[in-house]
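Next come two complexes built around chain A: one with chain B, the other with chain C.
Right after this comes the complex of A and B.
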């Protein structure tokens, strides 16, 4: 299976914000709508995995990651998301389990 | 006893010859004694410097938590700074975990500290910022400041545990 790559610090922002557009710049809502959903769609169409690299930013708010991955799971289904994404987080390894729990918690 | 011995020194008789077995016995005893002393000292020094390194790392975390508590008390937390502080604390915590696992205190666990950090981070960065600041209301201030205090105390307790092991 081939892989598509997305590095948040490079492809979106080094200072990701909070949950909604109304919270300020680089929100989770913005990241999802402008970057992630298209990157994930493209990866699915190519029968590829989407590798999301979380390293290199100045830190995340839980609201940013929650909003982003919750919306991804709602739109594409949690099984599809869990099967087709791979997370890289060397700087803060515990984000990986945290994000997986956000995805699994989606009804 | 020593007084009695020296006062009656002339009473005792000493051989002018010494047996070779006595010399060998004396050398072996001294060497073993010296070897034990040096090695005990080495182990003590090693454990002591391990503890120093670990405690230094814990103190770095406590300083970062103090900075965070300062903002919590003001009920006005700069969003970018807080995010960066949480990342910094988490990275130090992961390093501390590695150091402890490699040390003679490897049975100590940081799972409680990680859980507390996770909870505090969720409570603070789960809130929406306004003009770049997370504003705490009375309703969430008590909970957040209690969690932050407990998080800090957990590191002092860790220092006590490190000193005991």
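Right after this comes the complex of A and C.
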């Protein structure tokens, strides 16, 4: 299986913000609608995995991660998302588990 | 007839003389100055009179005398009482100027100073002039000068600047300013971990975004109010320590939770439950309410230490596991914590 790569610090921002557009710049909503959604679609079409690299940023708020991955799971289904994404978080390993829990929480 | 003619002629002459005089530049300038003088005299008189008699256009001054021990650690109730009274001034109509009297202050700390500055800034944005003098006690005065506290007040001490300024205050309005918080963190990491090349602290950045988000999205029940928050950092390079304070003057965590859930339990329990994420599961939106849990996590995972929270009538000290009810409530939320070498890098 081939892999597509997405590094948040390079492809989006080094200073990701909060949940919504209304909260300020580089929100989770913005990241999902402008980048993640298309990157994941492309990966699915190529029958490959999307590797999301969380390292290199100043840090994430739970609301940013939650909004991003919750919406991804809602749109594509949590099984599909869990099967087709790979997370890299060497600097803060806790985030990987948190993101997986956000995806699993989607009803 | 001759007499009447003479009278008419004199009248005409007088009128033409007056006309000539009025068209004269010097006369015009003279009358203009006279009018200006009259206007000024009336104004100052009105002001002076109004101050003494409560005239409706009065220049209303309020004087606020600070308690001699202005610290959260030693005189929490005194500080909160003073802050409560200062907020009442803010609510009053037609206050034009507030003079804060620091003369008798013997001890100040960062938390109390940040609380006061947040109110002063709110006064300033409401068009109220804020003035202050300096403490007479040398140590308190030194603290005030080093903190750069006086720069935020009007008055002769405003220009006082020290090369050793160790306090930075960021004010935010209605938005999350994650670049500003990242900048504060970089400076703080440089003070604490002097030898470290990477100045990021991702967990702390995450926590600051949570606090800003809570202030902007949840702290103000009345949407018409200006949503502001303040972060202050005080650097102590000799101790490799930075003290952080975060304040918003909203409605407080407990009040906002009570409005949403109408709970009938003790306020202390409500606050503890909020930090444990208990109200998350009660909402239909299961993904909400993780912010306060993340703040508590930052303390338990040693990203920061000495986390204290004051909101409404509850004080919560996470490090010493101390919780108690306050006699004077604080309408808003105040957090303080420390970043030092014992914290996780």
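Everything below uses one rule, namely that the second predicted complex is superposed on the first by the 107 of 107 C-alpha atoms of A that agree within 3 Å, B and C clash if a C-alpha of one lies under 4 Å from a C-alpha of the other, contacts with A are read in each partner's own complex, and residues count from 1 in each chain.
The rule is simple: a contact is a pair of C-beta atoms (placed from the backbone, for glycine too) under 8 Å apart; a residue touches a chain by one contact, two chains touch by 3 or more.
Treat the numbers as computed from the prediction; the structure is a model and nothing was measured.
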Which of chain B and chain C A:70 touches, first, second, both or neither: second
Touched partner set for A:93, first chain B, second chain C, both or neither: first
First, second, both or neither for A:59, with chain B first and chain C second: both
Partner chain in contact with A:102 - chain B first, chain C second, else both or neither: second
Touched partner set for A:19, first chain B, second chain C, both or neither: both
Touching both chain C and chain B, counted on chain A across the two superposed complexes: 15, 17-19, 23-24, 58-64, 66, 91-92
Contacting residues of chain A [partner chain B, same complex]: 15, 17-20, 22-24, 58-64, 66, 91-94, 98
Chain C residues within the chain A interface of the complex: 175-179, 182, 185, 200-206, 209-210, 212-213, 216-217, 286-287, 290-291, 293-294
Of all residues in chain B, those that touch chain A in their complex: 79-80, 83-88, 90-91, 94, 114, 118, 121-122, 125-129, 131-132
Chain A to chain C touching residues, read off their complex: 15-19, 23-26, 57-64, 66, 70, 91-92, 102, 105, 107
